Every structure is written in C-alpha cells, then in structure tokens.
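Below are structures written as structure tokens.
The two complexes that follow have subunit A in common; it is paired with subunit B in the first and with subunit C in the second.
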Partner chain A sequence: MVYSVNGRILHIDLTNNKVWVEKYGNDLLELFVGSRGIQAKLYWDLVKPEARALSSDNVLFVGSGTFTGTPLPSSGRTTVTFKSPATNMYFKASVGGDFGLKLKLNGYDIVAVHGASEKPVYVYIENDYVDVLPAEKYWGLDVRTTHVELVRKHGLGVDTLLIGPAGENLVKYASINCSVYNVAARGGGGAVLGYKKLKGIVVGNGSRSIILHDPKRFYEKSLKALFNIMKDDALIATAKFGTASATMGLDRTSTLPCYNFRKSFWENAYRNAGEYYVEAGYLVGRAGCAQCIVSCHRHTKTEKYGGVDTVGPEYETSNALGGNIGNSDTDALIKLNDLANIYGLDTISLGGVIAWVMESYERGYLKNLKDELGVEPLWGNVDAAIKLVEYITYRRGTGNLLAEGLAIACKEVGPETCKWAIQSRGLEHSRVETRIARAYALAFALNPRGPDHLHTETFAEFGFTEDARKLVKRLTGSEENAGVGKDAGRPEIVAWHEDIYAVTDSVGLCAFIDTAGFAIDELMLSELFESATGIESTPEKIMRSGERIVTLERMIQVREGRSRKDDTLPWRLLNEEITTRDGKTYTLTETTLNSMLDRYFEIRGWDVMRGLPTPNKLRELKLEFAVEEALRRLQAPVT
Partner chain B sequence: MSLGISVNPSLCTGCHLCELVCSTYHFNKSSVELSRVIVYKDKASARFTPTLCVSCPGMPCARACPTGAIIENKQTGMPEVLVERCSSCGECVKACPYMAIRFTPSVYAYPLICDLCGGDPQCVKVCWPGALTKATTLSEKFRGAAEARSIIAGMISKYVR
Partner chain C sequence: MPVIRVYVLSDRLAKLLQCNNASITIESGTYTINDLINSISTQIPGIKVVLDKMKDTVFVAVNGQVKYNFDEKIKVVDDVKISLFEVGAGG
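Up next is the complex of A and B:
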C-alpha cells in the first residue's frame, strides 16, 4: 500500500496507439521521493543515450509531486522530464497550475509519453478512461483558444497541458503550458510534443482521493507551514507584488542584467517591477497554482496594443523582455508576455534571442531585418520585438534561424557574434548577473539544464532577509558570506540548494517556500514526508535523497556525453567585465569558476578532474545501476 | 450563532486549498469532490470564485427535498443532510440558488453542504488571499454569494454548450 501517491504511472505509446498502467511501490518512493526523482530514474531506464530529442525515441514524462493534492499549501507543482532539443540532454522543467493536482485526482502520478503520432492528437484522461483523440481541428490554434475549446468540449473543471504554434513548429525553446498560463518553459519541451504531434493532455475533474498515512499529523504540520508562510517577509512581498518584486532588489545590488548583459542595473528598472504593476493599475487580480495561497501569478490588463487581458509577467519575463532589450514600455511588456503565453514560447530564451538580435544589429549584423520586419531592431524598439515573436513562432524568414536558439543562430550569422550570444550548452541564460552573484554562477555551470535559475536558485546568497543570512551562516560558517560579489562558501551554498531543490521539486512544493522564503525547513520536510507516506524519514535522510537525485541526474548526463568541460558559462560572462552602480568592476574568470568547481566536486565526493560521481559514491547512494557507466568513464582519458 | 462565511470572488486566486482542507477535515482524505466549498475557475480569463452554503432564509434546499432529509442544524444554523432519510435524488442541488451544494454520486452518495466545521471553518483559516472570511453582516454575505453566482453563471454560458 502506498500513501500520498497513487503508485500508478500511465504509459501512452503514440506510435502504436497503446496505453498501459505501471504500478510502483514504496521502494521507489523512498529512494527518489516523487516526480522529479522518480522520473529521472524512469528516464535512465527508458531513454537511450543516443536517442535524438526530436524523434520517436524520446520519452516525455509529466508528474505530480508527492504532496500534490494534499492540504499542504504551495505543493501543487508538476515536473516535466524529457530530452531537450536545445541541449540534447536530459532536461527537467517545473511548472505550476492545476494539471498535477487534476492528474493525481484522476488516479495517476506520472504520465509517460512514448513514440510519435502521424496525425495531430490529444490525450483525454478521466479516471480509468484514457483515450487518444484526433486534434486536427486544434492544430495551429494558440494555447488560450485551444484551452477554451477543449473545456467547452469536456466540461468545466477539466484542466489542460498544451503546446502552442511554437511547439508545433518545433521552435527549440517552445514551452508546454499547463492551465493556460503556467509554463514549463525551458528546454523546448513544446517542440518534443510538437514532434510527437501531441497537442496536449486534458485531465478530467478527477474523483480520486489522496490518502495520507497519518492525516492528522500531516494536517497539523500543514497548518504550521501555512502560518509560517503568512509571516515570512519574502513570501509576503511575493504575494503582494509577484515574482517581479525581485526586480528592484536585483537592480540595487547590480545583478539585474540589462542590454544583453552589458549593464547590471538600469535607470528604468522600475517599469519592469512588480510594485509598479500594482501602482500603475495593471494588476487586476492574482492567480494561484494548485494549493498556493501565496498566489504570486499576476492577472494583468492593458488597453494598449489592441487590448490584453492575461496572466504575468513574472520576474524573469519582466527582465528578459524588459531591461534586457531596453524595453521600459510596460504595456508592451504585457503584450509580449501574452504573445509568448499563447504561442507557447519560453520568455527567457526569447528575450535572450531578441537581445542578441539587437546587439548584432547595432554591431552591423543582420541588416536585412530592417526590410524584413519593416522596422529596425534597435534597443527598446518594442514593435520590432513583437514582430520577431511572430517571425520566430511561425519560422518566417530570419525567424526560421532564430527559432533554432542562440547556439545555432550565432554560428550561422558569424562566429564572432557568439561572444554576445548569452547561452551555454544550448540554453539561453536566466536573468541574473552571474559575474556578481557567484553562487548563481557556480549553480548555473553545474545545472543539468544549462545556465538557468529554476533548478538551483541560490537566492539566499543575496542575504536580503535575516533568514537568508542565517542560512548562509549555517552552510558556510559565516554570515559575512551573504551578499553579492563574494566567492567564499559558494560550493557549500550550491550543494545544499541542489539537494533541497531536488526534494522540493519531487514533493511538488514550490521552491519559494523553502529557498526564497523559509517557511519549511529540512525537519518539517522530513516530518511531512513521513506522515504523508508512512516511510520513515529524518532531515538527513530526506536531504540524502536529494543528493541521490542530483547524482543520478549527473550520471544520466555523463552517459549522454557530459563531462567537466561542459560545466561552464556563456563567453561574455567569463571574458568581459561588468560595472556596478557604484562604479566597481567585476570579472568572473575561468580560474575562479574552476576553483569553485574543484571545491564543489570535493564536497560531493566526486572525481574532481572529471566531475564524475565515483563508483563508491554511487554505491553509497544506492545507485548501483549507474556504477558500470561510471567505471567506463573513469577509464577514459580526461577531456 | 455565527453569521457564516462570506465569499469575496475578486480575491479568490483559484488555488483549491479550501477544498482540499475541507475534505481532509471531514473525511480524513483529500479530494476536491469531497469538499463542501466549490471553486469555479475560468483559467483562460483568470477569473475564479468559491461558492458555499450561506444558509438562505427559508432553506430552499430543505423545501425541495421530497424525503425531508434536510433540516436546520440548531447549533450552526446551517442545513444538515440526514443521510438515513436522503434518497440521493439531487433535488436540493437544483434548488440551491448559489450552486453551493456538491453532489457527485460516484464519489459520495449524498449531497455535501457546508457545516461551518461546527463553528471553526478550516477554509477561512487557510484562505490567506481573503476570498473566504467569517461574515460580519448578513448583507455582506449575501452580496458576495450573489456576486459568485453571477460569475459562475457567466462561466457556464461561456463554456457549457
């Protein structure tokens, strides 16, 4: 008997039009905690290292967290796992909304999508009824329109996971949208579904119940978490002003990347700030992910640009399509965010691409765009940005190249333009200045996704709150290590965040709750896990599971060809200096990054030269199945 | 006797926590289909509202009940379903002016109506956004309920064909 989860994985094979259910038990749950961890194990078993991302050999997993559907606040997050067409490696994306909750209430924890269909289809799941249905009439429609049509067909109370035209057109940074506006944005999962010709998955209202091992204890702990959330300063700010409440803090600490990472602060930053969206009347209301009383998602409106009524923009979008492209027009920002929402595009990569286009144009490249777009892609030209979104989504003209992402596009336009293509390993860099926020730099270099925040967000590094400073002290021995522009203690900060993130994602909890705010600590996590599942747990044990997941993900990528030389950052961030608002300059050299990496691998107990988990470490973590691969890599020369 | 619970739809963020808490409190397991609060959502427009029993004067649900299974709970003032008399016909659901009775026979054989958790409503406790609060006046309570009703009617006309 399993508790808190269904213990059921729904497999769908689109090539052979077959559906089957696989059951699992507490052994898997104990080792891998939930969605992200279990899906990493399934990926190891089912996705061959040589499988191409855009092929029927790729398997895409969508899974709800172990606490999803319980009364624990803010634990409705879903993990999507697949081989990324952007990085050609294992990738996991995390998404809010209701999809995970509804999936679980229909009796499944994880859906695994195998194969590819010849014709557009969508999957409908309602308890034991699962069907693959034709989707020709929805193919080509945007996400919002498709959602409305599918709810009309299947009834109020259903939820959707969908791709938009960008996914259908195999844009390398096409997103997967849940509940319309909650986006598993990164890594091009939308293109994976586009290749499979799967427009989406519709889940019915769901009539199952989540059974907890010790409901009374779990409920008590949930209420405690709730009261902690309601008095946490960081979470109060997030509830009030959304994630874009971070904008001004980053601007103040010169970690707000503007103009394609040439500036670290900006005089117009306030136009991209959550406080401004409220003050200037853009905010209509708030939208919560399943179970989330913080409800940081913004419902916004503007009469301009033909009238927009949408959800967002988040912090990352506010900067990626704001300061990053010199855009201080908040109405245009809302429009751009909505277009990305309904076309199904990752706004971080999109903003990275547009900023690179603008810098390239300024430097004398891509001069054809003036005629092609009918407008010059100059910094802050929002009409050009809006045009580019359309061109990329529909792969029109130069948009066809831009849809491939920066790693490919810059090589085509001229290898020298790769110096300002802010990407590494095929993924465009998230919106934080990693030359100054050094824990972020290390975390991004190591991150299996690429240089991205939502995998190991080391927000505590900033030391914005007392709780954050206390955590830094606990991890590194000194509160002095909190704050930006410092190298000391970064490997320790990163390792802890990696582990807790792995657990947090796997149980479905939002990382804001335990790494930006600090409403739940390791002890509470273990108590919640124990009372939910009946599996004995301690803070050490639960963090050990986090380490196990992180190590497995590394081994998956090692098998896919990753080695220490890939633990790097975009060229500009390792080769150019950045100036802060106080006139100080910072450089992050490869030497600095390398010494942080050395220390990190030492802490992990991995092979330092190769960045490779050792066979002993794998055995210790009960990952025996990966030992053979590690031995093979140990015998190969260091590259 | 308390005045019951007020709904403020414009503050609802659609998170469903009230529903999961409600079912956990009453049934020791969590499911939206076992909740006495019902959250309606139009995700495409980001409009949400909860609805729940506001104990209307004259209790139309009780009047519609052919078996006399709904009585007034003297302690809370809320309608109470006597399951031994209930025939699961669903007449009360149709009679409820606020679409506030949950009845999904495949999940639970009887209609579910808010009982204020006997006086300490859990949904109010967890609703940080403030869409569910302890009512301070009757007029505020019925205004909120009517607003919720018109939002739900809008959703039904948009989505139910």
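Up next is the complex of A and C:
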C-alpha cells in the first residue's frame, strides 16, 4: 500500500500505439521521494546514453509531486524529464499550473511517452480511459487557441499540456505549456514532443482521492506551513509584485544582466520590475498554481500592439526580453512575453538569442537582417525583436539558424561571435550576473540543465532578508558570507540548495517556499513526508535523498559523456570583467571557479579530478546500479 | 502648483510609515530627491528614518525611474509621482 501517491506510472508508446500501467511501491518512493527523483531513475533505466534527443528513442516523462493533491499549500509543481535537444543530455524542467494535480486525480503519478507517431496526435486521459487521438486539426495552432478548442471538445474542468508552433517546428528552445501560461520552458522539451508528433496531453476530471498515511498530523503541519507563508516577507512581496519583484534588488546589487551581460545594472530597470507593473496599471489580476496562496502569476493587459491580455511577465522574462535587449518599453515586453507564451518558446533562451543578434549586428555581423526583417536589430528595437520571434518560431530565413540556439548559431555566423553567445553546454544563461553572484556561478557551472536558475536557485546568497542571512550563517559559519561579490562558503551554499531543491521538486513543492522564502525547513519537510507516506523520515534522511537524486543525475550525465571539463560558464563571464554601479570591477576567472569546484567535489565526496561520484559514495547512497559506470569512468584518463 | 504624490507600494513599509499614500503641493523649481523627501516628511514623518535605516532594501522611484542618488536634481514643473517599495524575492 502506498500513501500520498497512486504508485502508478502510465506508459504510452506512440510508435506501436500501446498503453500500459506500471506499478511501484514504497521502496522507490523512499529512495527517490517523488516525481523528479523517480523520473531520474526511470530515465536511467529507459533512455540509453546514445539515444538522440530528437528520435523515437527519447522518452519524455511528466509527473506530479508526492504532496500534490494534499492540503499543503504551494505543492502543485510538476516535473518534466527528457533528453534535451539543446544540451543533448538528461534534462528536467519544472512547471506550475493545475496539470500535475489533475493527472494525479486521474490515478497516475507519472506519464512516460515512448516512441513517435507518424501523424499529429494528442493523448486524452480520464481515469482508466486512455486514448491517442488525431490532432491534425490542432497542428499549427498556438497554445492558447489549442487549449480553448480542446476544452470546448472535452468539457470544462479538463486541463492541458501542450506545445505551440515552435515545438512543432523543432525549435531547440521550444517549451511545454501547462494550463496555457505555466511553462516548462527550458531545454527544448517542446521540440521533443514536436518530434514525437504529440501536440499534447489532455487530462479529464479524475475521480481518484489522495490518501494520506497520517492525515491529522499532515494537516497540522500543512496549517503551520500556511501560517509561515503568510508571514514570510519575501513571499508577501512575491504575492503582491510577482517574481519580477526581484528586478530592483538585482539592479541595486549590480547583478542584473543587461545588454547581453555587458552591463550589470540599468537606468531603466524599473520598467522591467513587478512594482512598476502595479504602479503603471499593467497588472489587472493575480493567478496561482494548484493549491497556492502566493499566486505569483501576473495577469497583465495593454491596449497597445492591438491589445494584449496575458499572464506574465515573470522576472526572467522581464529581464531577458527587457534590459537584456535594451527594452524599456513595458507594453512591448508584455507583447513579447505573450508571443512566447502562445508560440511555446523559452523566453530566457529567446532573449539570449535576440541579445546576441543585436550585439552581432552592432559588431558588423548578420547585416542581412536589416533587409530580411525590414527593420534593424538594434538595441531596444522592439519591432525587430517581435519580428525575430516570428522568424524563429516558423524558422523563416535566418530564423531557421537562430532556432538552433546560440551554441550552433554562433559557430555558423563566425566563431568569434561565440565570445558573446552567453550559453554553455547548449543552454542560454539565466538572468543573473554570475561574475558577481558567485554561488550562482558555481551552481550554474554544475547544473545538469546548464547555466540556469531553476535547479539550484541560491537566492539566499544575496542576504536580502534576515532569514536568508541566517541560512547563510548556518551553512557557512558566518553571516558575513551573505552578499554578492564573495567566494567564501559558496560550495556549501550550493550543495545544500541542490539537495533541498531535489526534494522540493520531487514532492511538488514550489521552491520559492523553502529557498526564496523560508516557510518550510528540512524538519518540516521530513515530518510532512513521513505523515504523508508513512515512510520514516528525519531531516538528515530527507536531505540524504536529495543528495541521492543530485548524484544520480550527475551519473546519468557522466554516462552521457559529461566530465569536469563541462563544469564551466559562458566565455564572456570567464574572460571579461564587469563593472558595478559603484564603479568596482569584478572578474570571475577559471582559477576561481575551479577552486570552488574542488571544494564542492570534496564536500560531495566525489573524485575531485573528474567531478565523478565515487563507487563508495554511490554504494553509500544506495545507487549500486551506477557503480559499474563509475568504475569504468575512473579507469579512463582525466579530461 | 505641482503636486508631489507619494505611493507606498509594499505592505510592510506602509505599516512602518503608517501611510499608504500622501500628497503635498510645492512651488515649481529644481529640487534634489532629498529636498522632495524633506517636503514629504511633513506628511509622512517616519520617511527619513526609514530611508536612512533601510537604505539597502528600500527603493524610491520618481516618475517611473528608481533613484539611488538622492542628491540628483530634478526639475519640477508638473506633478511628480513618487513610489516607495521594499526589495522583493522572486527568481
């Protein structure tokens, strides 16, 4: 008997049009906690290291968290796992909305999509009824229109996971959208579904209940979490101003990347800030994911650009398509965000590509774009940005190359342009200045996704709140280590965040609750897990599970060819200095990064030279199945 | 005469200042941000103490642009909108 989950994985083989259910028990749940951890194990078992991302050998997993569907606030997050066409490696994305909750109420924790269809299809799930249905009439439609059509067909109350035209056209940074505006943005999961000719998954009104092992204790802890959320200053600010409330804090600390990481602050930053969206009247409402009282999503409107009524922009989008491309026009930002939403594009990668185009054009490259677009792609030219979104989505002209992402596009346009292509391992860099925020630098270098925030968001590093400073003191021994521009204690900060993030994702909790705000700590996580599942837990045990997941993910990528040489950052960030608002200059050298990596691997108990989990560490974490691979890698020369 | 309209956007800050919004009329002319804050302090007495003690976490936006240098001079001809808020989280 399993509690808090269904213990059921739904497998769908699009090549052979077969569907089957696999059951799992507490042994898997105890080791891997829930969605992210279990999906990593499934990926190890089912996706061969040589499988290509855009092939029928890739398996895409989507699943809800262990706490999803319970009364615990902010526990509606869903994990999507696949081999990324951007990085050619294991990738997990996290997404909010209601899809995960509805999937779970239909009796499945995880859906595994195998193979590929010859014609466009979508999957409909309602309890034990699972069908693969034709989707020709939806192929080519944007996400919002498709969602409306499918709700019209299947009835109110259903929810969708969909791709837009960008996914259909195999854009390497195409997103997967849940409930239209909740986006598993990074890594090109949309292209994986596009290759599989799967427009999406519709979940009906499920009739399953979530059964808790000790409901009374779980409710008590959930109530405590609720009260903690309601009095957490960081979460109160996020509720009122959304995630873009981060903008000005980053601007003040000179960690706000603008003009393609050539500036770390910007005089017009406020036009990309959540507080400005409120002050200037763009905000017309708030929306939240399943079970969330923070409701950080923004419902925004503008009369310009023919009228836009949408959700967002989040912080990352606000900067990626704002200061990053010199855009202080908030109306245009809302328009760009909406286009990315409905076409199904990752705004971080999109903004990275557009900024690279603008800098390249300024430096004398891509001069054909003036005639092609009919406007010059100059900094802040929002008309050019809007056109580029269309060109990329539909792979028109130069858009066909830009749809491949920076790692490929820069080599094609000229190897020297790779110096300002802000990507590493195939993924465009998230929106924080890692030359100054050094915990982020280390986390981004190690991240299995690439240089990205939503895996190890080390927000506590900034020390904006008292809770954040206390955490830094607990992890590093001194509150003085809080604040940017410092190296001390960064490996300790990163390792702790990696572990708690792995647990947080796996139980379906929003990371803002325990790593940006601090409403739930390790003790409460373990108590919630124990009362929900009946599996004995302690703070040490739950964090050990996080370490197990992080280590397994590393081993998956080691098996796919990753080694320590890949633990790096974009060229500009390791070779050019950056100036702060106060006129100080910062340089992050490879030597500094390597020194932090050495310490990190020591903390982890991994082989320092190779960045490789040792056989002993794997046995200690009950990952014996990966020992053989580690032994093989240990015998290979260091690269 | 131009009106300086002040909006306190963050709830906690509004509690500290015991004020959500305020306005004051001033003569047209050139003022530093500090001058404007001094004028506002007649309506919001706690504002100078709060800005001093919480200078790293409170922001002052003047007509849609955040100002860090309170010695910066601005020409006041029309009404001025000042927004105050605290640093947020997000990501």
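By definition in this document, the second predicted complex is superposed on the first by the 639 of 639 C-alpha atoms of A that agree within 3 Å, B and C clash if a C-alpha of one lies under 4 Å from a C-alpha of the other, contacts with A are read in each partner's own complex, and residues count from 1 in each chain.
To be clear about the criterion, a residue touches a chain if its C-beta (ideal position, glycine included) is under 8 Å from a C-beta of that chain, and two chains touch if they have at least 3 such contacts.
If you're wondering where the values come from, they're calculated on a predicted model, not measured in any experiment.
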Here subunit A is shared; do subunit B and subunit C fit on it together or clash?
fit
For A:242, is the partner it touches subunit B (first), subunit C (second), both, or none of the two (neither)?
second
Report for A:607: first if it touches subunit B alone, second if subunit C alone, otherwise both or neither.
neither
Least C-alpha distance (whole Å) that remains between subunit C and subunit B when both complexes are overlaid
14
Touching residues of subunit B toward subunit A in the complex: what are they?
10-11, 13-17, 20-21, 23-25, 27-34, 40-41, 43-48, 104, 106-107, 125-129, 155-156, 158-161
Complex contact set, residues of subunit A against subunit B:
69-71, 73, 76, 97-98, 101, 105, 144, 147-148, 151-152, 155-156, 159, 179-181, 205-212, 215-216, 219, 223, 226, 229-230, 239, 284-295, 297, 299, 309-311
Of all residues in subunit C, those that touch subunit A in their complex:
7, 9-12, 56-57, 59, 61, 64-66, 68, 81, 83, 85-91
If you look only at subunit A, which of its residues touch subunit C in the complex?
233-238, 240-249, 251-252, 267-271, 273-276, 278-280, 296, 314-316, 453-454, 457, 459, 464-465, 512, 516-517, 581
